[in-house]
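Shared between the two complexes below is chain A, which pairs with chain B and chain C, respectively.
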Partner chain A sequence: MPSTMTPIATTTLSSAASSITFSSIPATYTHLRVVFTGLGDTSGNAGRMTVNSDTGTNYSRTQLLGDGATAYSNASTNSAFIGLTTGNFVTYPWFVNVDIFNYTGSTYKTMLLSFSSDRNGLGDVVRSVNLWRSTSAITSIQLTTSGGNYTAGSTATLFGIKAAS
Partner chain B sequence: MAVFSFKNKTYSRSMLNGNEAYDPGAMVAIASVTTTAGQASVSFTSIPSTYAALQIWVMGRSNEASTNATDLKIQFNSDTATNYAYHILQGNGSAASAAGGATQSTMYAFRALPGNSSTSGIFGAAVVDVHDYASTSKYKTLRVFSGSDRNAADTTYRVQLSSGLWMSTSAVSSVQLSCDVNFAAGSTFHLFGIKG
Partner chain C sequence: MTNMELITATTLSTPAASVTFNSIPQTYNHLLLKYSVRGTESNFTTGITLLLNNNSSTVNSRTTLTGTGTTASSSQSSLASLLFGGTMPSASNTASTFGSSEIFIPNYTSSSNKPFSLISVSEGNTTTSARTYIHTSAQLIRDTNPITRIDLTPNDFSFEVGSTFRLYGISNT
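Let's look at the complex of A and B:
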């Protein structure tokens, strides 16, 4: 009998790379969790995520942010990706957690994201709800950037969470 | 003795004496519910007191004939008296805000459930955490991370962080989840126990 929360795969970059991909995700779990911590190598670029290599405008989000001085909210519709960081992730690593609900189900896919970075004076704490408008099961996840690479040592783990039947 | 299945290409190991102990891990799936259309509530009952914490994963939609997002309500032990309180921090896509309520009859994940006139297939989500739920000496504190989005400029949809309080020193033995106008078909609720 498998554990309820199981690490499916972990990637730790041995050298800089423009993406981290989890592919051939088994359909045997109920939910997925992606946990990432890492850096980018080019200032001003941000981390992103897509699923099933879908780069169409099929993503949207509602977001809550705090930057140490102000709390604010924004929303995005018909986006081509899910944002994982802001552009400030060159020196101080981001910690990202993505919970993907019922990833094999026949509904659209809802995700809850938390991503955080503290830069010893500046920083961002972000929580968002994201929607991928597809009824397809998720079989792959791509972590990419808006430009440049993830640095060596950046690491991501994909967990499967199995609910009671 | 280990057994290899050529059909499934997997190894299995018996739990006979001498083999290493089977460890199911710290997170244990307790129960799941998938709602039918118009189901008024979901209850998890006879929750064992053997875990350190409970976690509930919700993917829900209300049966309300509207595109508006509505609230998920959470109660413990069928207590409907004003023994609850909450605080929230939320963003509706336009502005961040905070609110709180004392002496409430329920705890909330506000606007976590899309209305049933939203595009088919859109569900909201919530993760509900209760640590030390089996304590008989403390009140119970709840943490909720929830949200709903329908790819439209609609400020009834939001992402929210909530704290909840149940002012009872009874162990949580049941959880009741409901909403104002019942759940739509296909809403799912998964209860997990987290071992300490």
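Let's look at the complex of A and C:
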């Protein structure tokens, strides 16, 4: 059976940590997918992502959100990171899926992010399109927090997806 | 290295009141269930109930985001005993149209409670809000057992002939 989605790397935290990094990402795939499940340890903080260690204001997004009571949409420009989670990321496990299209291409990079968190009476369903305004190929991905850590057991996997074999 | 593998596929040749995936191998890290379905109920849409491990006593909850082409809404359901498996077009909806749904369950063999996501869509070239929809939800099943069985059941009547179901296993290594 031809390969469809190939795992490149997996990190499962053995102790709490403020970041997970995927580096030296091979340029042999067409798209990337990050699957990240876990918990934060400090309420009020949120998960973030950057690529190629770029912390300049080169990210933007448009998102659609539902919190169990209200559905709304908003946009953010000239941000220094991609928001992975809402601030409600402690106590109940959540997960994030980020699809990064044509990550080696010479155009700006579009990403589709889904964040799913249900907390039994509250919750967040977030679907967003994100843009990294760089024509460089993506060679590393950083999963960080705005404060505090990801707890032990949090797991992030990077997959490579080929267009055709 | 093959990472995403088809575990099993079903295409209905007769209407079915439910579809079951049993004895799910525990050798993957994540599960991806994709289904293209239509209902036999004389209605525009029919809801689908999802059951994991044939256990209706677990306490589950979900947060849903829905669009109908005219309205966006969000809802929350807590302490529910049944999980939401999406919505499908039914017999009164646009002809020859099946809805598409996808459930992704990460770490389905873990000993933790399990969050998962659902997206369920149907488009029938209509502006009638009762016929077209996008549902996406975050759901939490508070069951620390590995998932070994999945059941999908229409809330009324059956899945129509031609409905297809495919269960994939995804490995981290």
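Quick note on the criterion: the second predicted complex is superposed on the first by the 162 of 165 C-alpha atoms of A that agree within 3 Å, B and C clash if a C-alpha of one lies under 4 Å from a C-alpha of the other, contacts with A are read in each partner's own complex, and residues count from 1 in each chain.
We take it that a residue touches a chain if its C-beta (ideal position, glycine included) is under 8 Å from a C-beta of that chain, and two chains touch if they have at least 3 such contacts.
Computed from a predicted structure; not experimentally measured.
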item	value
Chain A as common anchor, with chain B and chain C clashing or fitting	clash
Contacts of A:N102 with chain B and chain C, given as first, second, both or neither	first
First (chain B), second (chain C), both or neither touched by A:R127	both
Partner chain(s) touched by A:N78 [first = chain B, second = chain C, both, neither]	first
First, second, both or neither for A:M5, with chain B first and chain C second	both
Contacts of A:S43 with chain B and chain C, given as first, second, both or neither	neither
Chain B versus chain C as contact partner of A:T55, first or second or both or neither	neither
Chain B versus chain C as contact partner of A:T91, first or second or both or neither	neither
Which superposed partner A:L65 touches (first chain B, second chain C, both, neither)	both
First, second, both or neither for A:S23, with chain B first and chain C second	neither
Region of chain B that runs into chain C when the structures are aligned on their shared chain, from 94-102, 112-120, 148-156 or 184-192	94-102
Overlap of chain C and chain B interfaces on chain A (superposed complexes)	1, 3-6, 64-66, 71-73, 114, 127
Chain B residues touching chain A - in the complex, by the definition given at the top	22-32, 57, 59, 89-96, 119, 121-127, 145-153, 157-161, 186, 188, 190-192
Chain B-touching residues of chain A, taken from the complex the two chains share	1, 3-6, 30-31, 60-66, 71-75, 77-78, 99, 101-102, 106-108, 110-112, 114, 127-131, 133, 135, 161-165
Residue ranges of chain A touching chain C (in the complex, touch as defined)	1-7, 10, 35, 37, 64-73, 92-95, 97, 114-125, 127, 153, 155, 157, 159
Interface residues, chain C side, partner chain A - complex	1-5, 29-30, 59, 61-67, 72-76, 78-79, 104, 106-107, 112-117, 136-140, 142, 170-173
